[in-house]
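Presented sequentially are two complexes of chain A, the first with chain B as partner and the second with chain C.
Up next is the complex of A and B:
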């Protein structure tokens, strides 16, 4: 990207650190981390294939994919936010808001594509507020998105009065219907968004700029990048993704509820970090994030099939996640980049 | 002299007006119920429309029977409940009704009320020193089982081909989760070949009962999405031709489980029980052939019961250890009796023996919705 400033022009492709071009170094680190988690994921798959009945079946993998579709879509937006040096806690409010808004719209006869579009606009609207406060007013994203989480979640409860809204027309649940061989349209949407996100981050000026501002905001500003606009844009994308995830979960449940997705912010951040991102920004990627999402979904599914007691499931999930992160870091260390 | 006469006429006219006004005031005072008591009431939360309705009705029902009710919102928070307890004491009411919604803070709140020497009622969660008003979850389980067992027999479902799926919430405590356990216990005792269990032998750690299995307990967290996910996973383990009896603890959980069942096209082999009698639950009970029972605790009637209990306490009546909230399990046959064709109850179940002391308070009679109370 060429900056507009004459004297401070920096090409992101040429940016380097310790002699290694920034982008290549970033991709290598993410690749190594993702490879580490990938190896761990294979071990998890092998373990559950042996221990959990019915795990190694096509129908179960379709089920895992359907389960992770919602959190996967949220995680794409979250990954972009984290790569740019921020994070978005408000997804846990935007997701249920999207869910109940979609249910309400389709129940009032709005056609499905238009309803989806409106819901994404609502999510983007939450993102605009986040982006404005974080980028223009310079308020910490933790506080900002915590505030909008509360507002968006409260709005969802206000719209529904706390009551679940079932779809009047079950055909509105298109994203929960099978697209092919038990694989839901929501999963297809996740794959499309993941591929699009990967391409944007890797091969566009916009994507590379996000890595740059995540790595060093001030340097990026001095290089002439429109940091405020870029920062605001990631919250808009994240809000849109979260709202669309709300549509998908509402389609799966054939109902909108203000209580869905309450843990989606922490789960999505976990998935992004598992995928090789750093909370400090500038590192990470969508493929690794998807691996993180799959790991979370597979562990939950496998333990449910093994009928592990609920309390032990929580402990085991925490332990497995710590081991997974350790695995990734160990792999980085052995590769000499840790 | 003339001036004196005018003055006397004036005084007489004034006296007439004053006495008229006084008479009017007396008449209107006797027409309206006299506010005899002031109660303070802390609602469990005003965020849920159902619970908010209870809080609203507490005030309006109180007004109807001449009791001023000042309300607070505990917001399902232990710290808020503690703070509200202090605020309610400051109001110096005749009686405090507290629905804390939080376990394990009853001792500290009870101490606050005891220090202030104000009589109190504990709703749903115990408070030391306060007479207790609550539903009994076990009756919801037993009531549902009494509806389901005949249906099972009619359908020729046996222990060999049937699994009872209990959706529970491991964080909610033993009392809340006991309903499904009583349900399993009752059904298994009347189904030859099904492994027998006492309700207390099924705990939060129990995942399966019997080798087939005859019973499974899965974590639905009493919510829509977790119940959907948990049920989807469980269906993987249960053969498609197996009959399912799904017991849930609220209607959101039932809706989530039901969605998973319909997605797996297993609704014809399933009986499901919801709880709460909300709009979705009542609609399903009336129209869905598989939705065979629906627990109802008649929240709309809780205020009048609690007001009657409060007046009884102030009248010096010794209350039983537990005053039972109105509750029943609705079937397709009884839903009309209690709810008509609407979404709100029109009549309460009959008073259980231990609650009959409430009649003497004279409060229930003013609402006319408790059978046998005149």
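Up next is the complex of A and C:
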């Protein structure tokens, strides 16, 4: 009796037993790499401010943001997929499919909000296929999304017959219009989605469940989670994001094209990994991913201003990824957890 | 008592004729000291058994000797010469063969090819298969090992795989063999055969060291027994002079006195917490009509050797097997849908502790707090949004109640010791307030202190009216922890042991089919 009595009077606010809030602590634990990327980003900013003409101007930063909006939106979906232990190569097919579908719809007189909605549904549809194959049939996400990448990309070419579809009415490019002070609506959408994604991952049962299945699928299943449903859901989110990114890029170009975003899958995966995620799942986050996206976008912008040719940019992107990941690995090794 | 104490054992170092010798070797992982200045020897022609509780450091010791891991302090000597191995390959080259619990081999290659892998006889780069088979067969005959050289490795049984692994080491001139729990997965006949082979090797002058968890085999097949407890070598005794009582006392230390008296909280006045009737499952292992009842407040043990099907019962209760036929009742009621998934089991107020916490029980990449709330996310949230204050307070309560040692609730679960991880797993299941709790190997791989604590928690849970089914291959736990012990063999319950009749010896005898 006395034992159980003692147990029931445990004071949970006992000052000697203060836990650090989960979110702050988690940031510290998984944020080592993102922190390194942050430091690196500052160095990159300083470098280009000195070396690149016109880099340090408001209009240029607005340009960088506009440039990263598309990859940023794709990366949000990609981050969710990678955190849950999967990943999605098919975004490079879904994105152009979304772009040409949007152009086609608005040119046929569908009103803009409805067109966006339909395009997102198309992207989600690609995600349903991915999700079904990965979760239900248990086929590796690499192979699955490689297949759907080809299919979705091929569909985009089929719709356009390989030619660009310009908007009949340029007003359809709403997401490319400035919302305020030269900041595009696409950028606003990116910020809204990033904040929403962050909140979902951190503060909802769904988000927590994604981290759990990414960290240990079997343990999550035995804990009674609906692992298949959760797994499938991330591809739907990722597909929806990629298709919407297609709408944004079409808005910026005032045209739909099947040849846009072909590198968006690898770029988004790069950004997510830069943001502190592991390809094995279970760790990572959207704020870090956004930092990764910004870093990649800034380097591309600065090098363009310095009139460095684009293939050197590709080399730089690869180096940044390897250096950042190597740095994170080194840090965790020194901390004794590697 | 009868045994030779540690200091006597150390005195023997002076003879310097040891084949393999550890001098004050230590190993720690983080702040966790797994081996603490262990000094021991293996002499040529000697068979040494190493015993100890779960988590005493036995496997770590074997891995150090075999070059799998490196010591943090101390010295390893091989034939009197200090050595430092970077890999098992180094150790093997020097003459130490290691047979781990999980064997690594090429399943698609033949037995002969596996035995001589890396040293295949060849002429101008072309492997001579006849030569290969002859060499392997010669070696097998020389060491008295019978195995068909032409068979594919993947088609062999565990016992045969081990023999092949031993041959592989012998063909590379190994003079010392280290075996990590070699009989854990073997049948009795296979074990006897293995020890016949090992005995022959000892006669030829090989030094043999094996880790064991079975008292009976230690007494039948060893010259000397070394006892590890909490990372220290606490006894090194000649097997002829030692008694089982002495060895158990050395293994358990203080813990031996605790938990010997358990007061049953079982009540028969209410519906049983769990009732299983005629459970059947085909396959190997399968279930052949298992029926059992667990009263509210009762701790029922289910003990069986590997392959007895005992673990299937726990998994079935946990909702892991859709294909089990038969009936289940939780507090007298059939679950609305039979327990076809872990989620369904949870909704039916069944808690289930899987055997392997790292693989099946915990999400190591998440903080402790998140693991504690893993099963009860819905009660820690409102409309899908987590309420962090409630989650935190609940996690605090559990860490305090279970004495889980952490730096903060946000500490990653991967950083905790085995015992603390196990506590987190058990607590996370209890948070869902089960009325039936099925536990598999509740104290596997935890240190002695955590084991005693976990046993006490399990008794506490029973005292609150929960019915517990403890499935274990640890015979000591099966006897000490439970109110009533059921012994399984070949998919059926073969004995029910209560009170005076509930002894380790009887449990083992029934499990092995040696008692009527």
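Operating definition for what follows: the second predicted complex is superposed on the first by the 292 of 338 C-alpha atoms of A that agree within 3 Å, B and C clash if a C-alpha of one lies under 4 Å from a C-alpha of the other, contacts with A are read in each partner's own complex, and residues count from 1 in each chain.
Assume a residue touches a chain if its C-beta (ideal position, glycine included) is under 8 Å from a C-beta of that chain, and two chains touch if they have at least 3 such contacts.
What you are looking at is a predicted structure, and each value in this text was computed from that prediction instead of being measured.
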By the touch definition at the top of the document, which applies to A:212: first (chain B), second (chain C), both, or neither? second
Max touched-residue count on chain A (chain B vs chain C) belongs to chain C
Inquiry  = Output check: A:60 vs chain B and chain C. Expected answer is one of first, second, both, neither. What do you get?
reply    = first
Should A:305 be classified as contacting the first partner (chain B), the second (chain C), both, or neither? first
After the superposition on A, what does A:257 contact: first (chain B), second (chain C), both or neither? first
Within their complex, chain A touches chain B through residues 53-54, 57, 59-60, 63, 66-67, 157, 161-164, 166, 176, 249, 252-255, 257, 259-261, 300-301, 304-305, 307-311
Contacts from chain C onto chain A in the complex sit at residues 30, 318, 320, 341-343, 345-347, 352, 354, 359-367, 369-370, 373-375, 377-378, 381, 384-386, 388, 391-393, 395-397, 399-401, 408-412, 414-415, 428, 460, 463-464
Touching chain A in the complex, chain B uses residues 47-50, 170, 204-205, 207-208, 216, 218-219, 223-225, 228-230, 232-234, 236-237, 251-252, 255-256, 259, 263, 278-280
So, in the complex, the side of chain A touching chain C is made of residues 3-4, 7, 10, 12, 14, 17-26, 28-29, 203-206, 208-209, 211-212, 214-216, 218-226, 282-283, 336-337
